[in-house]
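In this document, chain identifiers A, B, C and D correspond to the written order of the chains, with residue numbering beginning at 1 in each.
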Amino acid sequence: MDLLQFARGPALTWAFAIFVFGMSWRLLGILLLKRRPDYSEPRHATSWPGAIKLIITRSWPRREFRPRTVFGLSVGYIFHFGLVIVVFGFAPHIMFFRSLTGLDWPNLPNAVIYISGAITIAALIIVLGRRLTNPVMRLLSNFDDYFSWFVTITPVVTGMLAVAHLGARYETLLAVHILSIALLLVWFPFGKLMHSALIFISRGTTGALFERKGASI
Amino acid sequence: MNEPDTLGASLTRTGISRRSFLKFCTAMASLMALPPSAAYAMADALQRTQRQSVIWLSFQECTGCVESLTRSFDPTLEQMIFEMISLDYQHTLQAASGTAAESAREQAMKASYGKYLLIVDGSIPTKDGGVYSTVAGISNYDMLVETAKGAAAIVSVGTCSSYGGIPHANPNPTGAVAVTDIIKDKPVMNVPGCPPIPSVIAGVLAYFVTYGKLPELDHLNRPKVFFADTIHDRCYRRPFYDQGKFAKTFDDEGARNGWCLYELGCKGPTTYNACATIKWNGGVSFPIESGHGCLGCSEPNFWDKGSFYQPLPTPLADNAPVIAAATLGGIAVGTVAAVVSRKHQADIGTKEGK
Amino acid sequence: MSTADIDSKHPLELDQPRFSVKNPEQRYDKQGDMPDAQRVETAMRHFVKDFGAVAATYMESCIHCGMCAEACHFYVATEDPKYTPIWKLEPFKQAYKREAGPFAAIYRALNLKKKVTVEQLEEWQELIYDSCTMCGRCTLICPMGIDIASLVGLARHGMNKAGLVPHELWAVAERAEREGSPLGATPKVFKDRCEWLADDNEVEIFVDKPQADVIAAMSSIEIMKYPDSIVATAKILNHLGLNWTFRTDGYEATNFGMLSGNSEWQKEMSLKLINATIAAGAKLLILPECGHAYGAMRWQGANVYGKPLPFRVLHISEFLAENTKSGALKTKPLGKTLTFHDPCQVSRRGGAVEAPRDVLDGLGAELIEMQDTKGVNWCCGGGGGVVTIHRADPLRYKAFQIKMKQVDDTGAELLVSSCSNCRQTFDDGQDHFHWDKTMLSLLELVADNLEDK
Amino acid sequence: MSGLENIGVKIINPLTPQTDGVSGNADAILHELVALLETYIDSGENSAIDLHSLPLTPTDYELLRATLAEGEVHANINAVGNTEVRETLYPGVWWLTYYNVEGDIVADLLEVIDVPEILKAPAEDIRDGLVRLRDLLTQME
């Protein structure tokens, strides 16, 4: 078995298994904790609209907060969008998803993917620089932050190298790329990358609780 | 056959003019990206040398490799290689049979001990004492070991002798292995392909005959000059790959437009061979040009790397059952974790009550 | 620490611009004589004990983006990263992951998250208490929607159990538990005050009517420092012709049990008010101008009680708004420009954002909103018990400067709010900075401008 | 009509040429020829350029053909397929194209030499020829 076979075979299988195992473990471990009934008289009888509202509106900061957060948010948005374009727009990736889910959608031109990939890498490097230099972020950061950054940028970099056939043979580059995805999947449920799922739960929870009180969302 | 015989004399005997020979040398030099002046040196040197003694052993194989080399349109430049060598044993081509054939091999070994070139096609079965393929009652394994002893170098022609090939495919019932799995103390060159391109076989043989050594090899013992680039690197459809234009089925608009076959499982990007440049059938075309993706036939284990039609970046295994099982497992463990935490909290509460 | 100790070591400062008790200079405070290990153990057990799915979701969701710092007045005023709201919870995050999270077993087995130490907790005392007013402004900026303020509340439970509360806060809470009021407004003091206030102002103040439709509560700050609020409340309720009363068995709306993180005391304090209201057969409990009192009763009261309350709970501003809109409350036009400071617990976190504005509208005042207003208004810096903590003063003054600038920028003639805790923070800040703005009470403003009958 | 022409499988475009179809390699080859001619005049050293070793577009080829053009000598050698030997407009520069029996090009060279080696009758072949001619005369006698 060569490296590519290992990557496409057992490595991916294990990564998928750990990914879904960890995801369901963590989500249930959180969601099944006790919930206290709230007997207070609600200001608004239905609270789910607040959940929806917060999930949507918190994607963009309030006017009052913009001046102080615009840089960090912009960089964050850039790399998130870049990742979405690269992950879901590149033809070989769509093939990958199709082989897993049977879903298919049209791909973006490769030039768009390459530019997005480059921008994403640049934005991620800025993100790391900010984490290292901004006193607040530096104080807050732990292994999870740096490792999650690493497992996020690695697939982009290895993917770009594979596409450009740079640095090694294509099958090695492709194998390393797939292995980096496997690493991402394995780490995903255990680190901060879970925010991609938790963001809806967390925002929704606050949105619903606050809507009940009429508190500011 | 045993007399010392210069190549020049042999050429004269068979009526091949020296201009034809010079032309052959020029073509081979061009093919192997040697400097043009090498053709003259090659022609000059070859004229004077003795014909190279070659023993060709065919083991667990389909004869496709020999067919590839011999069944080209006749007469071809490739076939001129047979004029350059003294093919002392090749059980498909030789006239002799039975004991006479085997004694030819033994005589050739004795006469050119330490100097003959050994060509092998086919893999070597090792299971059950190698009984799955024998020639004249001698197992392939024994014959290889014995013949390899006196060889100056060994050329494994085809994927089977290079990597084990189709006989080696899972579950490998005969325990087939490659030449390099058995012979460790001789220079071995692999010329993989199922079959290899005839010009490539001829080219590397010409090189050995001319220079008396094997050309530069890569990490899989392949001659770099033919196996340095992937099919994908040299593919005329590559621009479509770079633009992200892919045929999705064999009869869609993309296929008709000659777009890239990556999504149809083409293994071009991971296959190192010269098909895209030298092509097949005297330069007529190669598989991708005929509208079918590369199978990767010159790569190790190509038979076991998933379907020929499965795209390269997709998972090899069917992961659905694993994912389902792991999800259920995660749900169970997560539930237990939550229950344990709740109990833990309740215990604190009770303790507090006391 | 005995009661006598508390009173001698931390005498009440009744003549200061804000109420508090004296506290010796000290890096951090400890109560009781528990061994350190037990303190940590107790803190963590009690922190974990109250953990539910909601708090767990929050703890799991933080992405360490640091944006919450930009919403916090203490960080913005100092640019000191330790005042980043979520950082204030660091040891508790650590404890949660180790003790209650879904991967707790793994964290413990591999010791990936270390046990919290008593030194850490001591260090964090300042962050959990001195530098957090639980104003919840950070909750609004958090891209993950984490309600950080509520987590600080939970963390305070653990700190309280471990005896790691700043002395003033603990002493005040203890006094409240013991005397029924944190600042010495005992039932007797309260009753006496009501009597002389009624005489002085020629207004009828009902105390301990056995039956009433409306129960009014006061905060001890108002009773002791802003007694005019008692008069104003009485005037307005009388103006509306309501059958109302104060009750000496339940008049104190402040809940220092909640502020200091003592759930038992919180419950006891809330139950007094609830039982008094039920005893009077009242259908409405009006909460005074006090931020945390609103949160404690309006949103937590029923949960402390264990079932829905058999009466309505309104903040005084909501009550005034209802009656302004219905036309029952008739006021003379004020004819001045003013700006309104939103008390965090009532406005941002309580949901009574528009009520005071409706009241001001009824007063005919021209409201000039501050730059960041309503739900995102800046905190005065004194909430969450911070104003009582002496060692927090320098930090609080820095944060208060944000507030002063905000108010000055409006150019309004008057400054109004509806929280007596904000009010005393403003008064203290005014005194400290020799500022020309005096915070007015919405309640008193309305009472002073009632239309003569 | 077989319909085969609708199947687009013969789109051969190994290079992505510039808009005018020139890769720049033709120009490089012409400059190289100048250098090789200079060497030949100075030292008498022969040399050759293998056109297959360079990526050339059809336009490149046209450009080379047009620039080098046809000189005075044009020879065909019939040995295992044709070999075309053409002198260019520039004496000493020869264009040799080797075909196999099927007519595919197997080698394509530009040689800088007075007479290309393949045109000369090799000494051994001359000797062989002499023998054969003698034999023939002997037989005829």
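FYI, a residue touches a chain if its C-beta (ideal position, glycine included) is under 8 Å from a C-beta of that chain, and two chains touch if they have at least 3 such contacts.
It should be emphasised that the depicted structure is a prediction, and the values quoted were computed from it without experimental measurement.
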Most centrally placed chain, judged by C-alpha centres = A
With centres defined as the mean of Cα atoms, the chain at greatest distance from chain D is chain C
Hey, which pair has more contacts between C-betas, A-C or B-D?
-> A-C
Hey, how far is the Cα centre of chain C from the one of chain D, in Å?
-> 96
Whole-angstrom distance, CA centroid of chain A to CA centroid of chain C, is 38
Distance between the centres, which are taken as Cα means, of chain D and chain B, whole angstrom = 32
Chain centres from averaged Cα atoms put chain A and chain B apart, in whole Å, by 43
At which residue positions does chain A touch at least two other chains?
-> 25-26, 28-34
Residues of chain C that touch at least two other chains are 51, 100-103
For chain D, residues contacting two or more additional chains = none
Looking only at which chains touch which, which shape fits best: line, ring, star, complete or other?
-> other
Every touching chain pair, please?
-> A-B, A-C, B-C, B-D
So in the complex, which bits of chain B are touching chain D?
-> 8, 12, 16-20, 22-24, 26-27, 29-31, 33, 35-37, 40, 47, 73, 75-77, 80, 234, 236-237, 239, 256-258, 282-283, 285, 289-291
Per the touch rule, the chain B residues reaching chain A in their complex are 230, 232-233, 242-244, 246, 262-263, 269-270, 272, 300-301, 304-306, 310-317, 319, 322-323, 325-327, 329-331, 333-335, 337-339, 341-342, 345
Per the touch rule, the chain C residues reaching chain B in their complex are 45-46, 48-51, 99-105
Once bound in the complex, which stretches of chain A touch chain B?
-> 1-2, 4-5, 8-10, 12-13, 16-34, 90-93, 95-96, 99-100, 107-111, 113, 165, 169-171, 174, 178
List of chain A residues in touch with chain C within their complex | 25-26, 28-41, 43, 54-55, 58-59, 61-62, 64-65, 68-69, 72-73, 76, 134-142, 144-145, 190, 192, 194-195, 198-199, 201-207, 209-210, 213-217
